[in-house]
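Pasting the structures in now, so scroll down.
In what comes next, subunit A is part of two complexes: it sits with subunit B in the first one and with subunit C in the second one.
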Partner chain A sequence: MTADDSKSEKNAAGQLLDSMYLDMFYLIEAHTQCRVDIERTNSSGAILLARTKFQQGGHSLTTAQIPTENSAEFNALCRVVEKAERVSIERHSVDKESGYVEPLHWFSVLPPMSLRTAVERFKKSIELVAESTNLQRELAKILNGIDRLRRSVAQ
Partner chain B sequence: MANSCNFNSTAGYLEGMTRGFKNGLLKQSDYLSLTQCETLDDLALNIQNTDYGHVLASEQGASVEIFESRLRERIVEQYNYLRVNATEPMSTFLDYIRYEHMIDNVAMLISGLNNHRPMKKLLSLCHPLGYFDQLEAIGVASNTDELFDAILIDTPLSKFISKSFGHRDFKRIDVEIVRSILFKSYIEDFYKLCKRQDPTTAEVMCNLLSFQADRRAITISLNSLHSEFNHDDRLLLLPTCGHLGPIALDTLSQSVDYDQVRAVSSKNFEYAVVFDSIERDTDNLITLEDRFLMLEAKKLMQSYLQQFHLGVFYSYLKLKELECRNIIWIAECISQRQLDKINAYIPIPMF
Partner chain C sequence: MQKSTIVDTRVRLHASKKVLEFLDAHKAHFDEAPANVANILKKNGIKLLDKTNVIKDSEISVKRPTIDSKLLEKLTENVQDLPAGEEPDLEQEKEEELKEEQPLPADGCYLYLTDLHWLHDVMLKLRSKNISKLFLHELMDSCELILPENEFKQRNPELEARCQRLREQQQNREYQKMTKNVDATLQHYPEDTISYQRTFFLVISMIVIFNNHLSLLAVKSINKQIIAVAQFIFSVAAGFTFGFFGVNLMIGPLPFGFRILLGVIVALVIALAEMYFLAKKLHEYDEVLDAPKRRQTEAAPKTSGVQPVKPHIE
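Now for the complex of A and B:
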């Protein structure tokens, strides 16, 4: 291999490395933003639960209403599914006969507005967690790629 | 005049005590200092300067649950003092105030037992004003027939259960619906009791209970809009002793959206103002319920403008509970580090 070829390969590797570093920074920014959003939606949901207790009284939301391992069995409405190395959320519709119960109805079949809004916040939070996982995986891939390329350039 | 002399001879001292208790409710300056606290220990320290005094002095670490439990104990102390010194008809009246909490406790216990939670843990979650002798025995019942026939039949709640539905229906219906139906029966019975009292008590209490009934009807109608409830199911839950008449209740039970409920409720000027003054905030924190709580606080304080009636006792206990909820809300905001929402309590107007 001539010196020119070697130099142009190094340049190409350097440009690729630059582009990978740029992708890495974009992913870090997106991942951090995603985590901030998770924190924000979770806090919003938690304060709305406190608001429901404030409006309806202490009896409206208690641990007594949450099922235990001895309660009747039920199926989860929300599942994490992995397809083509990407994590996504799959939601099943409510179907009491098949055991797909609405968790909101554990607390009230006449839920107030604040409780319904809290449910929406927590559902959004789950989706953000899936998005954060995907971003984290992409970031790990990029970091591995950067590491391998730097080693091959160094050799 | 005769009513005032007779009232004073039996309940004058207790009315004076209650007005004294009412003067001890937190003022705006107290709320200002509470909302500036940054930790729960700060909050406990600031509460010492109020009528509550050293509620948390013996506790190692403050938590929202401990606050809730200590504040409730204070209400129960004051209630028990009034109840022990009361004579008829005030004693029956004060008992009726407890029935609402009994209904909540029974519903909570049934819910917890259905989830196989231990009785001891469930009893600690009960409101102390709603304790009655047979409460613990609810855990012994192995099915709903036993619950009804052996236990609840001997409690003060039995008259509400037998009026509302047979014990076979008990099994099939959701706990929340059972609670709503019992509450409807209770509030209508309480209304009838107040109507039989002296004219001032009847006027004040029937006004307050009508408001409670209407508020219940409106919130149930709104909350059941996106549910499987049909017209008949909804009508069963709506109390009939409010200012909203049978036609309004029937229309509410058939409403399919928010605008319909609003249109029916707005026929009453007070409720129209409640619907019109809703501010939208980004977190949906302040809702219609909060507006109703503000109106309730105003009506409860207005009852103190008249003398020689039993409504002052009902109003005081309700206002005290609202004050406790305000303090718990402040404690929750501090505990969750969401201090920007700390001012969303319901201020109690002081006349």
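Now for the complex of A and C:
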């Protein structure tokens, strides 16, 4: 290997390391923002649940309304799908005949507005969790890359 | 102490002397500089040249850099992944090295991601002109990375005082509930006398109107029930009126007996529906009053024969 070659390789490595550092910062910020959003949507959902309980009385929302082991079986409406190292949330539309039931109807046939909004918030929160997982994976990859590259430069 | 939400999600880099020296040495080549960098330089007594424009953060292009993964693989193909156990040692070593080499960082000078992007572009230009051979990561090594963290907040003393007051009120109420059949002076607690006698509330509501000596609280709690009953009577009466007159007006002359029958049927249907809601409402009202009592009786069977001492609500 000539001196010129090694120099250009070192340059490329340095350039790559720079952009990886910038990407790492970007990912840290995005991940933090995502976590903050999860916290916000979750707490606002919880507050809406509490409000429903407060307005409808303690009996309108209890764990007794959730199906137990002895209830009829049903399929999950929301699944986590992993495609090409990316996690995403897949939602199935409600279809009673094939076993996809709407969980909201366990609690009431005509759910109050606050309960419906709470459900929306929690749905959003799950999507944010998936996004956060993706960002975390990317971040781990970048950190690993930085670590390896630094050691290869040191060699 | 409570953790609060992260307010500032930005990553900060505590600028070291090395960064400041670099900026000072190459300030002649800057055409523009972000406001934050200009501020930091000013704080440390370094003056930017007149030709340098100070630009806002929004004017700097912050594009996520694309990583050439093929090049990364090529460069690191002969580097093995370290097993998880060995990494901490390496980090410790690095930290020690940093502590030894690092000159004291300048006070209160934080670089943000936009500034780093600008710095990256500047260094790229300098390298292409062969003015400097430094890389951004070499500068960053001497800096301290500060991650966004949750702030710790003291609980609002006003809220604390209010919670304390409410807790005391609740305990007082429970205590009075427990002792009211022991102490003769507490026998005439309003909630005990009138609101509880729901079966006779119609009769009692009449008494309330004529008895001025009853406490205001009792009148208040009865008012709710009177309103509920009045609503019930009104809607039944309206239903009957509709059946008796309304249908007659719509369809034409009907026999008197049939009209009465229609009125009674409509009123009955409405009465049934109203009854359901009334019962639900009264039941809920009952639940609220009885909740502390019920909890006590639920807990009792768990202990074998020994009367449990009721804990304070904390």
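Following the convention adopted for this analysis, the second predicted complex is superposed on the first by the 152 of 155 C-alpha atoms of A that agree within 3 Å, B and C clash if a C-alpha of one lies under 4 Å from a C-alpha of the other, contacts with A are read in each partner's own complex, and residues count from 1 in each chain.
The rule we apply is simple: a contact is a pair of C-beta atoms (placed from the backbone, for glycine too) under 8 Å apart; a residue touches a chain by one contact, two chains touch by 3 or more.
The structure displayed is predicted, hence computed values, not measured ones.
Q: Would subunit B and subunit C fit next to each other on subunit A once aligned, or clash?
A: clash
Q: Scan A:Met113 for contacts with subunit B and subunit C and give back first, second, both or neither.
A: In the superposition, A:Met113 contacts subunit B only.
Q: Of the partners subunit B and subunit C, which touch A:Val129 in the superposed model: first, second, both, neither?
A: So A:Val129 meets neither subunit B nor subunit C here.
Q: Which of the two partners, first being subunit B and second being subunit C, lies in contact with A:Leu48: first, second, both, or neither?
A: First partner only, subunit B.
Q: Have a look at where A:Asn70 lands relative to subunit B and subunit C in the superposition and call it first, second, both or neither.
A: Once the two structures are laid over each other on A, A:Asn70 reaches subunit B alone.
Q: Output check: A:Leu61 vs subunit B and subunit C. Expected answer is one of first, second, both, neither. What do you get?
A: It touches nothing on subunit B or subunit C.
Q: Overlap the subunit B and subunit C contact sets on subunit A and report the shared residues.
A: 57-59
Q: Along subunit C, where are the residues that touch subunit A in the complex?
A: Against subunit A, subunit C makes touches at 5-6, 9-11, 62, 64-68, 71-72, 75-76, 78-79, 81-82, 113, 116-117, 120, 123-124, 127, 135-138, 140, 147-148, 284, 287.
Q: In their complex, what parts of subunit A are in touch with subunit C?
A: So the residues of subunit A touching subunit C come out as 9, 11-23, 25-26, 28-29, 32-33, 35-36, 39-40, 57-59, 142, 144-145, 147-149, 151-152, 155.
Q: In their shared complex, at which residues does subunit A touch subunit B?
A: 43-44, 46-48, 50-51, 53-59, 62-68, 70-71, 105, 108-114, 117
Q: Residue numbers of subunit B touching subunit A in their complex, please.
A: By the definition above, subunit B touches subunit A via 68, 104-105, 107-109, 111-112, 114-117, 121-122, 125, 127, 174, 176-177, 180, 219-220, 222-224, 227, 283-285, 287-290, 293, 321, 325, 328-329, 332-333, 336, 338, 341, 344.
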